[in-house]
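Take this structure first; my questions come after.
As written, the chains take the letters A, B and C, and residue 1 is the first residue of each chain.
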Amino acid sequence: MTLTGSGDTEPQTTLTEDYRKREESITLSSSPAGTGETHELLTLNIGPHHPSTHGVLRLLATLEGEVVRDIKPIVGYVHTGIEKTAEDKAYWKVIPVVERMDYLGYYFNAMAFCGAVETLLGLEVPLRAQYLRVIHLELNRIASHLVWLGTSALDIGAISMFWYCFRERELILDLFEMSSGQRMHTRYFQVGGVMEDIPRGFEEKLRQFLKIMPPRADQYADLFEKNQILLERLRGTGIVDRQTLIELNVTGPLLRAAGDPWDLRKAHPYSSYDKFDFKIPVGTVGDNYDRFRVRHAEIYQSVKIIEQAIDGLPEGEHITPDRKVALPPRHELATSMEALIHHFKLVTEGFRVPPGEAYYPIEGPRGELGCFVRSDGSAKPARVHMRDPSFVNLQALAPMVKDSYIADLIATLAMLDPILGGIDR
Amino acid sequence: MPDATELELTAQELRDADSESVLDTEFYRGRAVLVANPTKIRAVLEHLRGKGYTFLASLHGVDYYPDEPRLGVLYEMLDRTRVDRIAVKARVSTDHARIESVVDMFPGANFPEREVYDMFGVVFDGHPDMRRILMPEDYEGHPQRRDFPVGGEPVLFTYNEEQSYGKYV
Amino acid sequence: MEIKREPLTDLRVRQLKARDMLRGNLPDEDLERYVEERVLTTTVDRAVAWAQGNSLYPLTFGLACCAMEQIHIVAARVDIARFGFEAFRASPRQADLIILSGRVSIKMAPVIRRIWDQMLEPKWAISMGACCSSMGVFNNYALVPADKFMPIAVHVPGCPPRPEALMHGILKLRDKIQGNAPDGWRERYDADGTEEVLPNGDAQASADISIFKAGDTAGA
């Protein structure tokens, strides 16, 4: 299918012909069906509405009997034009838009964007704000892993894990509601720090949560460690070696399960992660069981980080004192004229960012989440692009499920942890 | 991040190999960008891969409207052993929006290149499956370009209440 | 001597109204309203509607962020099983409630319509969240409000709505099914007569003084 270079697509073959041609790229295993001992390839469409596709992911599976020979993911069913909408809004107002991209790691999206804008502005984030950011990021990581654990167990059939995981997630969402007023998509991270300091009672509640979370995580381990069905479904399935994963630019727990200790929190620390002492769980074989274990172990490490952060939470401001970027506190508005003017300018127009480009990568629960911001000197960004980890990790699905059963496909898809909001943006 | 001198040295190496490959270098807030010639992009990336930047962290497009050439394709390269990032920018114009695909060098560029094609209209020569990925297959237009309207539904007030889509039966 | 009367209960009010109707004592408007309120005229209809309302089978359908809060109503804190709706069916042929939880993109809209068509009557749809009810946070080329292609019974606002809010919406739908359609806010707050109805011919005058023209949707 040749394409003209002017940007308009004029397919010279129909979609059916084109599709048949692409089907031919898969080698047929043997002679045509009907002879009794041979099989023909069947193309099966899984999704976009399917209970176990973790969102609206559509998979075109080419099957030979029950064995998957090829898989082609088709995405775009929840494409929201977030990047286009973000170009239309002031920097402050982009934060809620961008938060809704990877909808399980909303603090991470906001962190990547705020980090990129802070790089462009050359802004220094106060230490207390960095620690608060780390607390909320790690809580969000635990919450994301809990949803993954609950829904994956649901897919595999261990249904009761779902209720236990969501019981803990409710506690985390209560903490978020305490600090920012919203359970999800909290707009807590602002450019230059966080929106508000944590209220009284947050610390006690957080410590209570940290005390009960490791035993609860042990309970989850008890549920699956000796479960023969779970072990058989996950052990030895979906193996891809480390080199293939690196070539496919896969990051996050998938890469760590294959034995590669690449974690941006350790490799290129941001937001004072270098002040905390934590380990990175790394797998050995790279099968589904390793991925399962790595994510489960990350919950303990996140608890450890939060403990250190709340113990060592420094005094200070929760947002940068630069009034040209951050809103002044309300009590100042009554006394200071400059504060009033800054408030007015920030709310109506927003702050201006000097022209430039920045790419800010962070370690999200699924891998490297990067935000590219290009500014042209005005109050609205000229381009916001989120490099979503699930989008790139999805390319690894095809080698993972090749020549395995459909049941393994479902388990592998669950272990891949795709978030369609991030894939489609 | 490579500092400014290292960036210049890298650019000089590339220029020694092929005098037209690097058009410019930019260094802003600790981020090194090589502005490469889009026709020589594979050689540039191959050279960088030889230098250790083996991981393509991100491939995305930018529309530099109204500066020409308008469409830019950015390759964020990452060196995992030294934890070093460098970006390569290749700008093409809308009249001739073609660039060579790097899928055989970096298989992880498959979906991102499709996304750049979908959103900006830059055709990647040599890509095995150059189709739209996020928009419907038969969609016309490339949404992320700056001259594409944001679109959306009109906000309903009393005077345009008849346009309300709530009248579906 | 004052006769102390108990405040009239709901049931008593309805009994008195029924008595007036049977005697032919209800004034015209009240009579019309009486009949309208009782769309399900027979007891069998009411019984069937009561059963349908109490045994909704939702469809497992999650699109985006709202799906996370939808999952929370199945979890233990806001337990949808209290009301009997925990039987989420995967097949649209077996479900009668579709909760559109999340943003509907233009690629997904025909798929949802197809699923809606596959569902058997009686069926209801709840549009959860701001993105499918109106355009939500994103007013752009990629989204479609759900009202444009399928009839929605209840819209639940929020971004994302709390699980309690979604539960409230589902219970409102249950009331609607069972014939006790919730009163509009105007009746609740005694605000009859505040509807903005322009006299004919004045729509143009109103449009002229408005500084926001139709289609002016540039985000702030």
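Here is the rule we use: a contact is a pair of C-beta atoms (placed from the backbone, for glycine too) under 8 Å apart; a residue touches a chain by one contact, two chains touch by 3 or more.
What you see is a predicted model; the values in this text were computed from it and never measured.
If the chains shown are joined wherever they touch, the resulting network links each chain directly to all the rest. A count of contacting C-beta pairs for A-C and for B-C identifies A-C as the more extensively joined pair. The chain closest to the protein's centre is A, with centres computed as averages of CA atoms.
Note on chain placement: the centre of chain A and the centre of chain B lie 22 Å apart, centres being C-alpha means. With centres taken as mean Cα positions, chain C sits 33 Å from chain A. Each chain gets one centre point, the mean of its Cα atoms, and the points for chain B and chain C are 45 Å apart.
Looking at chain A, residues 76, 79, 81, 84-85, 88, 424 sit in touch with two or more other chains. Multi-chain contact residues of chain B, defined as those touching 2 or more other chains: 135-136, 143, 148, 150-151. For chain C, the set of residues that touch two or more other chains comprises 107, 138-143, 218-219.
Residues 106-107, 134-135, 138-143, 145, 147-151, 196, 198, 203-204, 206-207, 210, 212, 214-219 of chain C are the ones that touch chain B when the two sit in their complex. Contact residues of chain A toward chain C in the complex are 48-51, 55-56, 76-82, 84-85, 88-90, 93, 96-97, 100, 103-104, 106, 147, 150-151, 162-163, 166-167, 169-170, 183-185, 420-421, 424. Against chain C, the residues of chain B that register as touching in their complex are 135-136, 143, 148-155, 157-160, 163, 165-166, 168-169.
On the chain A side of its complex with chain B, the touching residues are 1, 3, 5-9, 15, 22, 75-76, 79, 81, 83-85, 87-88, 119-120, 122, 246-250, 262, 267-268, 356-359, 361, 368, 370, 372, 374, 382-383, 385, 387, 391-392, 394-395, 424-425. Within the complex formed with chain A, the chain B residues making contact are 28-31, 33, 54-58, 60-63, 74, 76, 80, 83, 85, 87, 94-98, 106-112, 115, 119-123, 129-130, 132-137, 140, 142-144, 146, 148, 150-151.
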